[in-house]
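In the part that follows, the structures are each spelled out as structure tokens.
Two complexes, one shared chain (chain A), two partners (chain B, chain C).
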Partner chain A sequence: MLELAIGIILGGCALGAGCAMIAGIGPGIGEGNAVAAACEAIGRQPESRSAVTTTMLMGCAVAETTGLYALVIAILLIFVAPGRFVNILLDAIG
Partner chain B sequence: MTLLLLILAIIPLIAGVVIKIMFVPASSGIDITGAHIFFTIDLPMGGLPITEAQVNSWLVILSLFFFCLFLTHDLKTTDMSIRQLIAEWIVEKVEGLVRSNMGEFFICFAPFIAAILGLSACSSLLTLIGLFPPTSDINIVAGWAIMTFILITYYKFKAGPWIYIRSFGEPVPFLAPLNIISEVATPISMAFRHYGNVLSGSIISVLVSALLTTLSQLIFGKLPGFLGEFPFLRIGLPAILSIYFDLFSGCLQAFIFAMLTMLYVSGGFPEDEYFKRKRMKEAKRKQQNVQLENTNGGI
Partner chain C sequence: MLKVDPTIKKETGYIALTVVILSALLEAVYLVIGQWGLPVLFGNLLGAGVGILNFFLMGIGLQSALNKDEKGAKATVSFSHTMRFLLMAAVVVIAVFVDFIGLLPTILSLFFPSIGVYMRTLAVRNKGEVSEG
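What follows is the complex of A and B.
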């Protein structure tokens, strides 16, 4: 019975981590848009290349933030949460 | 003297490798762990663990300190050495960056920005000699982000507390809770951005090399002796990944952290209000002086 409970905890944590990383879609689309616009701008004005590249990298970094929140949640769910939850379960059983 | 300082700059890195070999238990195969805890100092409010990340960041600080001394000692105005030219190039570049992003008023920020850039980039590049990168531990990066947050708040207070409080009620007063949340989110997002990028890079590298080890065991496992055990497929691809994740991503995150620091500090600073206040104060002082002179003259 205990094995089953721990198995459900591990499976739930893994599934949760996978679901959290769905958030990776958002930054992907956002950064794609940013890079597309930057390419367009460079194509129109090749002399502004360095300024556009710097601004684009900054924008990409800011757009990445939500994805990184999801990444941190996923890392916590995989490496930290199972131990905690199993401990809580064992405490509850006594 | 020059050689001595250069050696002093290299010694901390060697010391880091030695500490790692002596005290960190060797990991068998592939595992993803956090920073190794060397020992814990007992304090009244709880244990203070001294981790690999902290020790490595101290070593980077020491190394950079001696490297800066190496670059800048014995400066001359004529027949300059290459060393001095490199130092001047770094200073000029950073000052140009600060001037173009923050304006002339914040030129005193150049040393701070250069320190953040150097520390962050060198911490991330520490993976190249096989050490634990301090930037993939959230405690180190959160420390820098909190420092930046204090600076931002300090510069927002420059024009008086009333203007600081009023800035939360913009554009409309009932958005104040959201403004407070976004204020708190600034250091959190800065810390998570830097730490998440470096950590995800190292995790992906570990996963790829684990996959390649398993694959090469499947393919070459039947070969006799040493040939069967050696992971041939791990040659090549992890190195290319490392160029992106360690070199490019590490330097880029350092640049972005410094850039965001500059943008947040100069963006939060209420420039017009500050100069208006300064002018008013000066006018007041002048008036007082005139009054004082008048009273003195009257007597």
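What follows is the complex of A and C.
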């Protein structure tokens, strides 16, 4: 029974980490679209290259934050959470 | 060798300055609450360094993408994003497993460049409003 409980904990953590990493897909797509639009804008107005680059850089950095949140949560769920949850379980059983 | 755009150098410098200030603040907070130790310092250094490096690499990736067509730009940015994501993952995993590197300071420091970007955006917006008014 204990093995089953530990298995459920590990499975839940792995599933949660996988779900969290779905958020990592968004920034990649978003950055790609932003750069494609920036290329188009610079192609139309080459003199605005510096301003477009600055804005794009800032936008990409902000967009990437969500991916970073997801990454951190996923890694914590994989490496840190299972040990803690198993300890809590073992303490509860006594 | 790729010549780094002055805009990217300038923005990275600004972000690095913000990260240094926020890192000092983090260390001060840890000192005040009495939790300071070498793991906090090492974690902060690792997280802040990688955060700045990530921002700089993102700038380099975007710069090289701007010189390509739309399809090539998307592919370049996706590749750059994946590589930087792996770098971040490696750093967090190192922080989890290495005892003398604090996990929380590392994670917090990784977010400092994002906070710097938000602050920069707000500062630029306020400056614009002041100059318009």
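Here, the second predicted complex is superposed on the first by the 94 of 94 C-alpha atoms of A that agree within 3 Å, B and C clash if a C-alpha of one lies under 4 Å from a C-alpha of the other, contacts with A are read in each partner's own complex, and residues count from 1 in each chain.
Methods note: a contact is a pair of C-beta atoms (placed from the backbone, for glycine too) under 8 Å apart; a residue touches a chain by one contact, two chains touch by 3 or more.
Just so we're clear, the structure is a prediction, and the values are computed from it rather than from any experiment.
In the superposition on chain A, A:Gly24 makes contact with chain C only, not with chain B.
Of the two partners chain B and chain C, more chain A residues are in touch with C. Once the two complexes are laid over each other on the shared chain, residue contacts for A:Ser50 go to chain C alone; chain B is not touched.
Of the two partner chains placed by the overlay, chain B and chain C both lie in contact with A:Leu71. By the touch criterion defined above, A:Phe79 reaches both chain B and chain C. In the superposition on chain A, A:Glu40 makes contact with chain C only, while chain B stays out of contact range. When the two complexes are overlaid on their common chain A, residue A:Gly32 makes contact with chain C while staying clear of chain B.
Within the superposed three-chain model, A:Met58 lies in touch with chain B and with chain C [touch as defined at top].
Counting contacts as defined above, chain A residues 57-58, 61-62, 64-65, 68, 71-72, 75, 79 meet chain B in one complex and chain C in the other. For chain C in complex with chain A, the touching residues are 5, 7-8, 11, 15, 55, 58-59, 62-63, 65-66, 68-70, 73-74, 76-78, 81-82, 84-85, 88-89, 92-93, 96-97, 103, 107, 110-111, 113-114, 117-118, 120-121.
Contact residues of chain A toward chain C in the complex are 24, 27-28, 31-33, 35-36, 38-40, 42, 49-50, 53-54, 56-58, 60-62, 64-65, 67-68, 71-72, 75-76, 79-80.
Considering their complex, residues 57-58, 61-62, 64-65, 68-69, 71-72, 75, 79 of chain A touch chain B. Against chain A, the residues of chain B that register as touching in their complex are 32, 34, 189, 192-193, 195-197, 199-200, 203, 252-253, 255-256, 259-260, 263.
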